[in-house]
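Below are two complexes that have subunit A in common, paired first with subunit B and then with subunit C.
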Partner chain A sequence: MEQNMLRKKRSLKYTYIDCAIIIGLFVLLAVLENIMMPTHIFFTVVKKGAIYALLAVSMNLLNGFTGLFSLGQAGFMLIGAYTYAIFTIPLEMRESVYMYYDGGIINFTLPVVVAVILAGIMAAAFAFLIGWPVLRLKSDYLAIATLGFAEIIRAIFQWDKLGVITNGANLLRRYPKFTSALVPCAVAALCIAIILLLINSSYGRAFKAIRDDEIAAEAMGINLFRHKQMSFMTSSFFAGIGGALLAMFQTTVQANAFKSAMTYEILLIVVIGGIGSVSGSVLASFLYIAASEWWLRFLDSPMVLDNGFQVPLLRVGFRKVVFSVVIMIIVLFYSRGLMGDKELRTENVVNGFRKSKKKLREWISDRRKKNREVAE
Partner chain B sequence: MLKIKNLQVNYGGIEAVRNISLEVPEKSIVTLIGANGAGKSTTLRSVSGLVRPTAGEITFLGESLTGLPTTEIVKRGVTLVPEGRRIFPDMTVEENLKIGAYLRNDSLTEDMNWVYDLFPRLKERSWQLGGTLSGGEQQMLAVGRALMSRPKLLMMDEPSLGLAPLIVRGIFDIIREINKQGVTILLIEQNANMALQTADIAYVMETGRITRKGSGKELLADESIREAYLGKKKS
Partner chain C sequence: MDFVQANLPYLLAGISVGGQYALIAIGYTMVYGILRLINFAHGDVFMVAGLLMVYLVTAVPLAAAIPLMILFTVLIGFTIERVAYKPLRSAPRMSIMISAIGVSYLIQNLAYYVTGGLAKTYPSIPWVSDTVTILGATTRRVTLITPVLTIILVIALVALIKYTKIGMAMRAVSRDFETSQLMGIKVDSVISITFIIGTGLAAVGSLLFFSSYTAVTPVAGAMPGLKAFVAAVFGGIGSIPGAVLGAFIIGICENIIKGLGWTTFSDAFTFALLIVILVVKPSGLFGEKNTDKV
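Let's turn to the complex of A and B:
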């Protein structure tokens, strides 16, 4: 027991260090915003990366920690994005946004913070409703059902009859946005922190138990359906908030953009980061967005060298080819993702470092012994 | 303590359990022996609510358990150690034990110490992942996990499955020890020899029916039982 207490104490110390590092990153970001051009692509990557990190972690809660393979993410994001946009477009702008629907029927606006939270609640409410029939399904069937739900939602939001609320197939715009990259980062960090607390609570333990062995979890008295529903709703709540952030980032919202390809993009981030690793999802999200938006951009523009030689293959669309190859390599050689199911924490880094130092020392002394034996 | 009356369980058209009745008195060890497919596991699973009985009545301390969800049955003090151990491989030993106490809201330290006293091996490995334990240790963990719910009746589905004879003996010693500390035990076994030596009362099941009942020693001495389950004596 004393040993466990010591271990816990040491673990807590490292948690403080982790928090300090994250606060340090925020300070760094604030400084960079003051010294770099605000239009620099770096800030686009940070904003979108933070939003995708939240979306990936919320998907990981469901797929990685509860073992429910759901593909409804884009649908819940859509609900969140629309909820936020609909309730925050200023009254004087409504006439021009809802020009085909006489300004729409909603004639009030909500404060931004309330609208963001409402976006999450709406997504969770939809999750509650479709969870009743859908969560009784398993593995592939659950994936197909949730995918179908997302597609249906996308169609319904473009329906002409609902145009007075959703503006039909037209864009929603002129709602409040953020300019500083600190806003999406702070919201994402807060939400991810809440998800982490949930995962490490007794509910989180029950989720993991369901993932590991449903029958044993049930035999221990865990109500399978209730916990699955809870995980599904929580995941959707944060997907809704992520959708609201995405709406702010994109400055316009249209249902047609929330295709299943968006879900796959987030699933890909989860897989690359490691199913069952929160820090993996965050890391992978920033890497993925940076690669697709920034580092591989040059592949899309034709390049002519000084001596008039045109570099072959470089043209619009080539970026996606290279990107696909990179992803295939990652999936083939890091099939458990960058982090597996481990977390990137200073504690683990320090322990890993200590272990390898020990191994190195053993190896050296081994070598010496052998050399001595040979000499004798 | 536990009374099963005219229990019938059908899987589709198959009658897995046919109209059986049995009784588990308080503080005793009761065993149910029989060949594969005799309906032993189905009986236990219907007591713990994992399977819905087709007909019949199950009462525990005078209260009906029939049709209740597993959560409620565990809350009333009936816990199942499932067949094949089924520990949670990606969680630490300690987390596994905490899951066992999931439905309780009071302090766990006392019971944690109790389980660690029963199984010192688990204490040594409390930070190890469940999947890295040996078969015997996993069985200890499965029993410990079930004990964390503070059961009045502990049901075990083949605790000796796939374990070396020496370890099986250890497990049965622990079963007796747990029983001495006041937990009633209902045990299913294929290892009839060990089970009959341990049990106060034994039932023999064949193709969904109970065919014999007696004290463990009686059945152990019975010629026909010896022939069927313990191997014929060479004359």
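Let's turn to the complex of A and C:
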């Protein structure tokens, strides 16, 4: 009993250390923003990485923790992005944005924070509606039905009869954006923290039970539909907020960009990070975005070395080929991804370190014993 | 008569597109019937077949290009199954589906790399691509060939599955994977043959499809692929006549919607139909109802 208490206390201590590390990272980012060029590619990576981290974690909540294989992420992001953009374009700009629709019919603007939350709520509300028919389906039927819904949403938002609200197939622009990389990071961190709390609550345990065995979970008295609906709505809520952040990052939004390829990209990030690991998803997002936007950019342009040697294969599109090959290798040979279903926490790192230290000590004493035996 | 003349082109286009979807849908439905896998890469293999044709006609005469194209496409389908799906046979269903999505991503990116992202013009095949006039509506001859060819191929396939030894093995594997293995059926080769037949039909489908659309892009296979899958679900997954009927219904409806001026919703309609089917009758038109046992 006492030992249990002690362990709990120690675990709490490590949680504080984790929080301190995250706060430290934020301070570091703030310092870097003041000493580095604001246009440096590093900040683009941090901004986009943070947004993708949120999107990946929200998808992981559904796919990794509840075992619902949904491919509707792009649709919910689209709802979030459009909700945010529609309600925050300043009144005086509406005439120029909605130039084909006489300035549109919405003649008020919402504060940015309210609009971001509304973006999440709209996505969650839609998830609630489609959850009724869709969540009763089994694994791959669920995947294809959610994919279908995402496509339907994309068509509806491009419908010219709704142009007075959505601007039809035209761009939405001139809404407020963020400049500091701290904003998306802070929002993403807050949202991910909420998701973490949910996962560690009794609801989260119910989600995991459903993932592991639906029939057993039902027999234990878990209301399957209610919990699935809850996981689906929460995931969509944060996908909506992620969509709003993405709209701010991109500075323009167009429904046509939210294709199923976007969902696949996020799904692949989740797989790289490890299905069922929040920290894995976060890590994988930053790695994926850094590699695709920064480190591997050179693969897309032809390169001639100093001695006149033209490096073969390098030209437009090669980066993505390399990427997809790496992803296939991960899927086929390292299906647990970076983290598997473990979390990157100081506690686990320290424990892992202790264990390997203990193993090393044992190994050394073993060797000594053997040497002594040989000597004798 | 005016009404017929105004609407016949859409109906004809619908029947022809339906035939093309049917040829793709058979690949989906057969693979799903045996592996319980939505082969997301199938639509992309269909696109690769189109690209292969574009590059092959520059190298060899047309008469040789067509069989070579079908051969290469079949090889690609076979390789994909061996490399990306076979190692995951005992893995959870989610992993194998993710692998399929990964393959689809890889094929699209490779196609983008090879073509440089440009739309490639599909070679016009003499006689097939000629225009003809029926009942006052002009159309390409491929529109008329498609449904006939589709039906011939489907009858041949159904005969193969019903009356040959390998067909019997396929039916057995799709009924019960483990038991058929115990009965001495080489499951791996049955699955390979399924992929070979499926991709072969998709290659023929791509020949007909791109002859009427003329341009091949790296993402050209994604939409027809998804629609063909919907057709397979609509007809009852695992049932070949069902997939064909579903494909014709979807192709015709889609073109009627386009004719009514609702082009934005022609894709959305297909998915709406899918959702209605999944909710009302998940086993499709001719599908077998299966229950999960604890």
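Criterion: the second predicted complex is superposed on the first by the 374 of 376 C-alpha atoms of A that agree within 3 Å, B and C clash if a C-alpha of one lies under 4 Å from a C-alpha of the other, contacts with A are read in each partner's own complex, and residues count from 1 in each chain.
One rule holds for everything that comes next: contacts are C-beta pairs under 8 Å (C-beta built on N, C-alpha and C of every residue); 3 or more make two chains touch, one makes a residue touch a chain.
Because the structure is predicted, anything quoted here is derived from the model rather than measured.
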### Message
With both complexes superposed on chain A, which partner does A:215 reach: first (subunit B), second (subunit C), both or neither?
### Response
both
### Query
Once the shared chain is lined up, is A:223 touching subunit B (first), subunit C (second), both, or neither of them?
first
### Query
Should A:156 be classified as contacting the first partner (subunit B), the second (subunit C), both, or neither?
second
### Query
Which of the two partners, first being subunit B and second being subunit C, lies in contact with A:134: first, second, both, or neither?
second
### Task
Kindly classify A:39 by the partners it touches after superposition: subunit B alone (first), subunit C alone (second), both, or neither?
neither
### Task
Quick one: classify A:268 as touching subunit B (first), subunit C (second), both or neither.
second
### Task
Could you tell me if A:341 is touching subunit B, subunit C, both of them or neither one (first, second, both, neither)?
first
## Note on the structure
Of the two partners subunit B and subunit C, more of subunit A gets touched by chain C
### Query
In the superposed arrangement, does A:328 touch subunit B (first), subunit C (second), both or neither?
second
### Query
What residues on subunit A does subunit C touch that subunit B touches too?
215
#### Entry: Residue ranges of subunit B in contact with subunit A within the complex
48, 50, 69-71, 73-75, 79-80, 82, 86-91, 94-95, 98-100, 102-103, 113, 126-127, 145-146, 149
### Task
Within their complex, state which residues of subunit A touch subunit B.
1, 4, 7, 202, 205-206, 208-209, 211-213, 215-223, 276, 341
### subunit C partner contacts - residues on subunit A that touch it in the complex
63, 67, 69, 133-134, 136-141, 143-145, 147-149, 151-152, 154-156, 158-160, 215, 260-261, 264, 267-268, 271, 275, 315-318, 320-321, 323-325, 327-328, 331-332, 335
### Message
Using the touch definition from the top, list the residues of subunit C that touch subunit A in their complex.
### Response
36-38, 83-84, 87-88, 91, 93-95, 97-99, 101-106, 108-110, 112-113, 116-117, 219, 222, 226, 229-230, 233, 264-265, 267-268, 270-272, 274-275, 278-279, 282, 292, 294
